[in-house]
Amino acid sequence: MAFFALSLLNGVSYGLLLFMLSAGLTLIMSMMGVLNFAHASFYMLGAYLAYQVSAWIGFWPALLISPLVAALLGAVFERWVLRRVHRHGHASELLVTVGLSFVMLEVVQLVWGRAPVGYRIPAELEGPLFTLFGSPFPLYRAFMMGVSILMLVAIWLLVSRTRIGLVIQAALTHPDMVQALGHDVPRVSMGVFGGGVALAALAGVVGGNAYTTEPGMAFSVGNIVFVVVVVGGMGSLGGAFVASLLIGVVTTFAVSLDQSLLHLLQAVDVPVTDAMANHALLALKISQVAPLLPYLLLVSVLIFRPKGLMGTRET
Amino acid sequence: MPTLHRTHIPARERQAVLWGGFAFVLIVAPLVFQSGLALTALSQMGYMIIICLSYNLLLGQGGMLSFGHAVYTGLGAFCAAHALNHAGAEGVPLPVSLVPLVGGLGGAAVAAVLGWVSTRKAHVPFAMITMGVGELVFAMTPMFPGLFGGEGGVSTNRVVGEPVFGITFGPQIQLYYLIATYCFACTALMFLFTATPLGRMLNAVRDNPERVAFVGCDPQTVRYIAFVIAGFFAGIGGGLFALNFELVQGSAVGGLTSASYLLYTYIGGTLLFFGPIIGAILSVLVGVLLSEFTKAWALYLGLAFMLIVMYAPGGLSAILMANLRVAASGKFSRLVKPGSALLAATPVWLAGVTSLVEMTYHRQIHAPLNPTFRHFGVLLDVSDGADWAGAAALALVGGVLFECARRGFVRHWRMVQEEMHALEPGAEGAS
Amino acid sequence: MKRIRSLAAASLAATLSMGTGGAWAQAGETVRIAVIDPQSGPFANIGLNILHTLQFLAEREGGTHNPAGVKFEIVPFDNKMSGPESLNVLKAAIDQGIRYVVQGGGSGVAGALIDAINKHNERNPGKEVVYLNYAAVDPDLTNSKCSFYHFSFDANTAMKMEAMGSSIQDDKRVRKVYLLNQNYSHGQQVTRYAKEVLRRKAPHVEIVGEDLHPLGQVKDFSPYIAKIKASGADTVITGNFGPDLSLAFKAARDAGLDVAFYTYYAGAAGTPAAIGDAGLGKIRFVYPTYTNLASPEYQAVFNAFGQKFPNEAFVTSPAYNLFKALSHGMAKAKSTDPVKVARAMEGLSFRSFTGDVTMRASDHQLQQPLYMATWNKVDAKNPIDVEKTGNTWTLDRLFDSYVASTPTTCQMKRPA
Amino acid sequence: MSRSAFALELDDVRKRFGKTQVITGAAMQVNPGERVALIGPNGAGKSTLFDLISGRAGLSSGTIRLHGERIDGLRPFEICRRGLARSFQVSNLFASLSVFDNLRCAVMWSLGHKYVFWKLLSRLKDVNGRAEEVMDRIRLTGKRDVLAMHLTYGEQRALELGLTLAGGASVILLDEPTAGMGSAETLGFIELIRNITVGKTLLVVEHDMGVVFGLADRVAVLAQGQVIAFDTPEAIRADQRVQEAYLGAVPAEQATATAY
């Protein structure tokens, strides 16, 4: 029972971390229909900016400054690059962000060097928050979960309860009509992209010291954020939240399952020969492939339910 | 109305000249560039052309943006490596020259299985499926040492079996001509494919999959067959890769490899058939040569790719074709003056910018050892403020010059385009 | 008069000892060495640290400082951590007439280089190339894939496991061991050798569980740590490196997991900075040297390197033995021709930081003592701060060469 | 495939999007070779009905039969292969292909070339011949190599018609073929439709009453998702219910109808 509760807690907290990592991507995807391949790079930038700011001023101001700086850079990128490419269609927007991720990796390495930087968890957030069945639950992990839920609520409020939110949603499908009604759609999308990128940077500030802040961190976050957005349903905030929790819990529990096809064969008492015993595929344990389950989920969702769990549209 | 004095060479002769020229270049290239490194680069260009063309079969011809094309080249390479090892061992009568075909069949088989999953959807969902499949295959390869040889990968030896007409494929030059033969054959086959019913229907699916359904064809089947054919040619490219390096490692199916195929094919140009050929040549030049001269090659590649996506979505081939059209319409003389201004300003601006970038990199990596390095023949000292200021000034001046020249050139270019457009209402077909 | 004669004798002796006679072909010659490691892309920081180490040692050991009197010139080649690219740059190096190749970043690249160099030497007699490996630790490199032209200067996976086995054998606190590794050849080998060595050296110790997770794909190690905790293990053996190692330590500290970690790569460049205060007193690391090694020569090299490269540290000590072996080999062979030097290096014994080490002739694997060090707070006896973390590596145990030595199955083809 | 009396039969066809009922039990039988005009006020569900028949949208309930064989639930290309082709209100062409290529793609399946990739398109005499023939009839031969996206609006409508007819389907559905055309152009286009669809079953959605009464053998009136009347043009003009549905729109168009 203890192991089950612990795994559930780990699963939910990992799910919330995943949502925090992909919240910004979901916002941009749902509002602008753009898959930002430089999302992980802004996450890295957020972590490095936080390292720099917390070295000068402190961790708490960094929580504000780092996302603001990133939002500024994101807005500049949208204004002079993304907007120009918009008329060539979604594929070009996606490709230009691929180019951006290459450039950002090099620039970050130029400024902060190639070795990991010592960006630490602040002293006041050290140590465990509570102990469950004899194993302590770290305060900082709870802090991260809090930030993740805060992001969810903030985006949901922005999207559904504010005027800008309605304008944004309308501008996604009928930009010309919204512009005709007097809203400056280009500036709105600049704001949305800046906001999405700020969320990525905030995830960097919060996740950077929990994980390691090094040039390879964008690469190691990798494509998991796309799995969350796509499985959740492109453009659906609720879907992304549910998908992150689902992926978090599934991968966490899968790690504890050591069964393999071999055990299955033995269960239905099929005679197991030596060759079968150490055959790589049969002996492959579920725990060995646990971190890959999200990609299996991605492919199967895209085939059977391309709109995703709670999505409204396919592209 | 001034009659068009463009010499209208009938299409058949123009094709013959083009393909003859292509064959001539493939044959003469190693005789012109003699050094060992050049031969290595040319061999790699040979199979990269096949791979980039097979990638464009999906992207340019079919509008299918794939993030996992390396799965088919990589697994094709693994199949070829295993085939070569078995050919050597039990004396299976498989001549080395047919090993790439085994790679091709391997690539096609994998495409037939994974394609069934991928081509059910189009556009972004298709891209995401290929990415998911690519990630899965890449992460699974180290788990099966038997098939993929673990971290060391599968090594093989192409000097196996008795030589055919004295050709052992040991020396690089013999392998180059095998690659060149395959390159010519595959390029021709893929070109012919675009002129077959399925090839044309693939273009139709790219433009309007819904209408394809209403003229009786199933868009998904069209995409699926095209996906398997692209997998076949990708597998041949992978097979030649395996022969060239005599080693195939997990990175051959990796995400970075897929991204490089996308990047260079797009830079070469996806709208015209020969676009990916330019992209493939560029990929080897950057990968083999540029990375020896500068540590900042990734920064230059990223910036160049962004500029191309922004200003020339048709890629370098579209720029080349546009200029050829202007030349063909006899108006090129009008562009010579602004064009030369642009060509003069560009190196000044580039020299300034690249000096700044190189000095930044050098300061970070090699400064403790020796602060000076040679950049385009000029000795730059990282610790000397004057060099920094000089480079910055050069970049600034160059930038201003470049911007003026660019604006002038664009103005002239637009005028010429309008005139040309006035001459031929409804321009003829793009490819 | 006597004074002049003694002066002459002294100077003769000096030249003799310095170069055993100045009339040698190679004295004053410059030997160019190609370094094939990643200098761009995700593994760039490891590659650059090693490049600086080799450049520093080439300068330090070059010229009059070594018995052969040769100067060393390092020629870097960027292989972007990929096998095929390594073969590309190897061809470029051979084209430039370089006949010594040094590499260490990754066993995959090492295997590729051995294959390619064997083929090159076979197809181009008289232009042979020798490959000196300072960090690739796959035991196959000196067993099934061993080659006359390949010399390994770091202790391989099996040798380090022998040292760990001896440490566990004598440590009464170790009862239950858990194996956490990446699912690729190195991780699979660590798992296999751990079981074999523990069965032989510490049968009383029980292996309570093992995990093989995909390389570089795990974002959150807490489920693995929970599994280790549930298994009741008191010790974890892991071959992980980079993020897969530092994230595991952080998760262990967060979950309050009180176990000893026996690792291969906790000391690698960048990892201490990532670990920080996680696992103080718990993380152990087996390597031919450790930061506070009580050897004046080692401390001299360490400090000199620190001055030249302020924000880096001298970590890759096998590179030091590499240059020593090379110069003594050239002195013994009285030539810089790779084949002669290779033959001279076989069975060669020379002075390293702490006592003599021997290059075993049968498989060209350097037999050397190994140190087990633990990650602790800096104190008077261990003053050197590692990567600005306020912590350092303190000595646990020294294992003599014979303890870590492993038999070899190598049947290398020697040139005529 | 049983040869029933009717070319196309709709039986209690229903369609709802969420809660809104769009088609509420439409029924209709069209004889082979008959020309039927489908009229009705905007939003009556004409295009939706076309989408249901052509398989572009799925039915909520009811059945559709083509030459006696049920086709509801089949995918568009399966229905097309059974001999039903449709055009679109908004030109739905292969934008970056030339006019000739557009037409060649349209005829490929019907001439049995399916997904052939081992023959050259230029060597297929039947495909090229049929495409040339259709191109002549829609008078676009002059624009043979012009890209579809570079055509004028009228030319695009003609190509749209060409794509629909090139496949040689026996039942043709035309969704407002003359939408957005000037009256002079419309007359010429109707003449074109008339002689190009000789012997075929035709179902046309049309607003221009002059066209309707000039072209159609029978007229079906769709209102509130149901076929409220299905009779000869004269009977429909006199029908009380139709006038209510249109609120007296019929008399104004009277003049143009008699012009034929």
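Per-chain residue numbering starts at 1, and chain names A, B, C and D are given in the order in which the chains are listed.
What we mean here is this: a residue touches a chain if its C-beta (ideal position, glycine included) is under 8 Å from a C-beta of that chain, and two chains touch if they have at least 3 such contacts.
As the structure is a prediction and not an experimental result, all values here were calculated from the model.
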item	value
Partner chains that chain A and chain B have in common	C
Shortest walk length in steps over touching chains, chain B through to chain D	1
Farthest chain (mean CA position) relative to chain B	D
Whole-Å gap separating chain A and chain D, where each centre is the average of the chain's CA atoms	48
Between chain C and chain B, distance of the C-alpha-averaged centres to the nearest whole Å	39
Between chain C and chain D, centroid-to-centroid distance (C-alpha), Å	77
Distance between chain centroids, defined by C-alpha means - chain A, chain C (Å)	37
Residues of chain A whose C-beta touches two or more other chains	113-114, 288-289, 291-292
Per-residue multi-chain contacts in chain B, two or more chains	139-140, 143, 145, 298
Multi-chain contact sites of chain D, meaning residues that touch two or more partners	none
Which pairs of chains touch, using the document's own definition	A-B, A-C, B-C, B-D
Residue ranges of chain C touching chain B (in the complex, touch as defined)	39-41, 48, 52, 55, 77-78, 80, 82-85, 87-89, 91-92, 94-95, 106-108, 111-112, 115-116, 119, 123, 138, 140, 145, 183-186, 188, 212, 214-215, 217, 308-310
Contacting residues of chain D [partner chain B, same complex]	54, 56, 75-77, 80-81, 85-86, 88, 92-98, 101-102, 104-106, 108-110, 113-122, 124, 127, 143, 145-147, 150-151, 163, 166-167
Residues of chain B that touch chain D when the two form their complex	192-193, 195-201, 203-204, 206-208, 210-219, 221-222, 225, 229, 426-430
Contacting residues of chain C [partner chain A, same complex]	42-45, 48-49, 183, 211-214, 216-220, 222-224, 226-227, 229-230, 242-243, 246-247, 250, 254-257, 269-270, 273-274, 276, 311-312, 387-389
Contact set on chain B toward chain A in their complex	65, 117, 120-121, 123-125, 127-129, 131-133, 135-136, 139-140, 143-147, 255, 259, 262-263, 266, 296, 298-299, 301-303, 305-306, 309-310, 313, 360-361, 364
